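Labels run A, B, C and D following the written order; every chain starts at residue 1.
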Amino acid sequence: MINKRMPNAAKAVADIPDGASIMVGGFGEAGSPIELLHALIDQGAEDLTIISNNCGSGEVGLAALLKARRVTKVICSFPKTANSTVFPELYREGFTELELVPQGTLAERIRAGGAGVKAFYTPTAAGTPLAEGKESRDFDGRTYLLEHGLTADFALIKGVQADEHGNVTYNKTARNFAPVMAMAARTTIVQSARVSAPGGLDPEVVVTPGIFVDRVVEVPQPAHESELIAAGVSYP
Amino acid sequence: MSTSDAVQGWDREAMARRLAQDIPNGSYINLGIGIPELVAKFVPEGRTFIYHTENGLLGMGPSPEEDQEDPELINAGKRHVTANPGAAYFHHADSFAMIRGGHLDLSILGAMQISQAGDLANWSTGKPGAIPAVGGAMDLVAGVKKVFVLTQHTTKTGEPKLVESCTYPLTGQGVVDRIYTDLAVIEITPAGFQTIELAPGVPFEHVQGMTGAQLSPPPASPSE
Amino acid sequence: MINKRMPNAAKAVADIPDGASIMVGGFGEAGSPIELLHALIDQGAEDLTIISNNCGSGEVGLAALLKARRVTKVICSFPKTANSTVFPELYREGFTELELVPQGTLAERIRAGGAGVKAFYTPTAAGTPLAEGKESRDFDGRTYLLEHGLTADFALIKGVQADEHGNVTYNKTARNFAPVMAMAARTTIVQSARVSAPGGLDPEVVVTPGIFVDRVVEVPQPAHESELIAAGVSYP
Amino acid sequence: MSTSDAVQGWDREAMARRLAQDIPNGSYINLGIGIPELVAKFVPEGRTFIYHTENGLLGMGPSPEEDQEDPELINAGKRHVTANPGAAYFHHADSFAMIRGGHLDLSILGAMQISQAGDLANWSTGKPGAIPAVGGAMDLVAGVKKVFVLTQHTTKTGEPKLVESCTYPLTGQGVVDRIYTDLAVIEITPAGFQTIELAPGVPFEHVQGMTGAQLSPPPASPSE
């Protein structure tokens, strides 16, 4: 029997060590695995590298992890959002380093990492400051940049319906980076509103097949970033 | 250089309406944040456009009723949206495959500067201490079939946005096809900025005065 | 209004010219768009390049197109199957050229073509005869081959449920190459057992979003290769 | 060189059963066509394996009842299969991402030749006039974490399959971890072929005689 279910978020993230690289799903608050992030804050790991599209909002979820001074580097396409004050301060202070990557290049680098594609040529960012220090090459008269696949030690992602084999589906635009991050991380941890026995998901509608997922934890009523912020929550 | 009060040009909605007239029926469109979002309000009679939002939805619909919002159904600007019949959700790598692979017909973006060679700067002032953030802008201009810029002709302080060469960090080189401003519609050609149309009551000389590079006048008999 | 529905298979393939490159979905008989292929035989285009995992079986579908001497090149991973006699003869005769590509490299080259990735580095086939003439490069002490994205003029694929916007779902392992081929072809033509108005498919379960599809034709009772062969059919 | 009638070794089912004992619970496995498919019949008590078929299914189950066949539910060998509870369908690029990305634990393949350096030849005799066909073999050996070969020790005509260096075109270089034959279990080590275990009643000298390269004898006290 195969059962990847974990009893709670704390157990699911218990072995994440200092210095780990962690992919965190979500675009804005859609798909942000708040409960896993809060468990990681409680757990205490530091000197983390976070790979995520944004850096969180307010002082909950990913922003709270940064605020707790656990993150020394982010690989990110858009670190500033409307309610984002934590990252700018840590960045200006020099505590948190930033590797800025165009959003589509970030998604494709993560997919490449998960798919065993070592590197690829993309036209995105050619001729811009983000091409500096990168190898480029012309094909058919157009310039392309060489971008490398990206992997991580862990991925924290949020699904809506999962099963004990690790198959996952998502809610609307919460899908965003999760399927490719699940592929690219050595250990993928999923929080899902529902977790069923195998057979609970139609094989035709599975978005992330279980082979990409290591642990599943049921979080039936996940918090939303905007609601926590509206309620004035600052985690912990 | 400052904007003359006597010359009004198009307002934001008229700019969006003017641009919408140039979009063929059935186009797949990515709308940037800000003025570009207004285009969806001015779809010409008899045409249907399908909106792509790079965070993973094709067939994006208008904002939901206030109590129908789903925090996980948002657009690239992180605003609540809806999904029209015929919509599809997908992950980011697939979403940017649509962009990079040239499957979208049109990207409509704002701009800080556009050069006469079609270079676009719209992501960073390059000022020291600013927090860099790029999002999907570089992917859009590199991949989408046509790139239209929808922007005020000058900055809030009256500086020209249409320039000989950009001083801000580039988003892409030679990527812009057309510019729709409050004063005119301008095409990027191998010879530089070519005026296609002037806003009603706006003299060409006025537009040239607000532009930081040579502007070719509109054709003698307007195509309108 | 957007409606990509075509009245029949003949109209759907009517403009495919001589010399076209065509991606054909299917792995074995699963997902093989038999009715579109038969319409293409009737239509008469020749000097075609076919990109497909196999070369068909018996004398129906893709094998029948080859037998009609319409295909001068195939890009393929496994051109010989149990009931395949047509391709071997054309290959030995020198009429049909073969570019042999490992199956995963073929799938990834097609995806890259559709995704605007010009080329990528893969470990597959390094050190084998299929690496001959290919650029290679070492990363972290391992050898990778540079493989180029692959596009085509047309794709012929088979879905099970589609809508008039071109959204498509598939039946079980008939999915195989269809989603990436739909991305990589300039004109993608889908035959589907059912075609509904927009709204007939849940946006969460769409496999191929409509942006990748140009034409949809309803073929309610598609033929299966094995059944045609068992019935002794030789098309036309 | 010919196989001695006096020495029997394992039959095909016993070979598959022996290999199955070395697979940990919960492994994700791709089974090649032929003898490797037999492994699924010998899953040890208390273990569950999940089977991947590269044409787009994880969680492949056994053959269906005769009237339950779906022509579009097949395995890589194009035979009718079923989907177990917990299965998932996906497209070829995703399927080979699982393979190339190192997500599968084990690939079990047949072989024409295996060299002492772990090179594998199993796709082509290289004979002029033969129709080349490679399928997913090169992807599997390049990507999957462990590669086990399950094969008769010699060809039908008694030629050794375990050789100093392959004469047939390679599928991959240095990719094989272990070889399970009718005569022995043999590991590829930096020092070459290392016998792990002999089939019951098979003397080491016999196996060496059937092998085209130096074979290290099994450890003094078998780990069994």
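The definition used in the following text is that a residue touches a chain if its C-beta (ideal position, glycine included) is under 8 Å from a C-beta of that chain, and two chains touch if they have at least 3 such contacts.
Everything numeric in this text was worked out from a predicted model, so none of it was measured.
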Distance between chain centroids, defined by C-alpha means - chain C, chain D (Å): 30
Approximate Å spacing (C-alpha centroids) for the pair chain A, chain C: 34
Chain B-chain D separation of Cα centroids, rounded to whole Å: 56
Residue numbers of chain D (touch at least two other chains): 57, 83, 89-90, 93, 96, 99-100, 142-143
Overlap residues in chain C, where contacts from two or more other chains coincide: 108, 111, 115-117, 122-123, 170, 172, 203-204
Graph class of chain-chain contacts, one of line, ring, star, complete, other: other
Which pairs of chains touch, using the document's own definition: A-B, A-C, A-D, B-C, C-D
Residue ranges of chain C touching chain D (in the complex, touch as defined): 27-31, 53, 77-82, 87-88, 91-92, 98, 100-108, 110-111, 122-130, 170-180, 207, 224-227
Footprint of chain C on chain A - complex, ascending: 108, 112, 115-123, 139, 144, 169-170, 172, 203-205
Parts of chain C lying in touch with chain B, wherever the complex brings them together: 1-2, 111, 113-117, 163-165, 167, 183, 197-199, 201, 203-204, 206, 209-212
Residue ranges of chain B in contact with chain C within the complex: 25-26, 28, 48, 50, 52, 57-59, 83-90, 93-94, 96-104, 142-143
Residue numbers on chain B that touch chain A, as the complex places them: 53-57, 70-74, 78, 83, 89-93, 95-96, 99-100, 124, 126, 129, 131-139, 142-143, 169-173
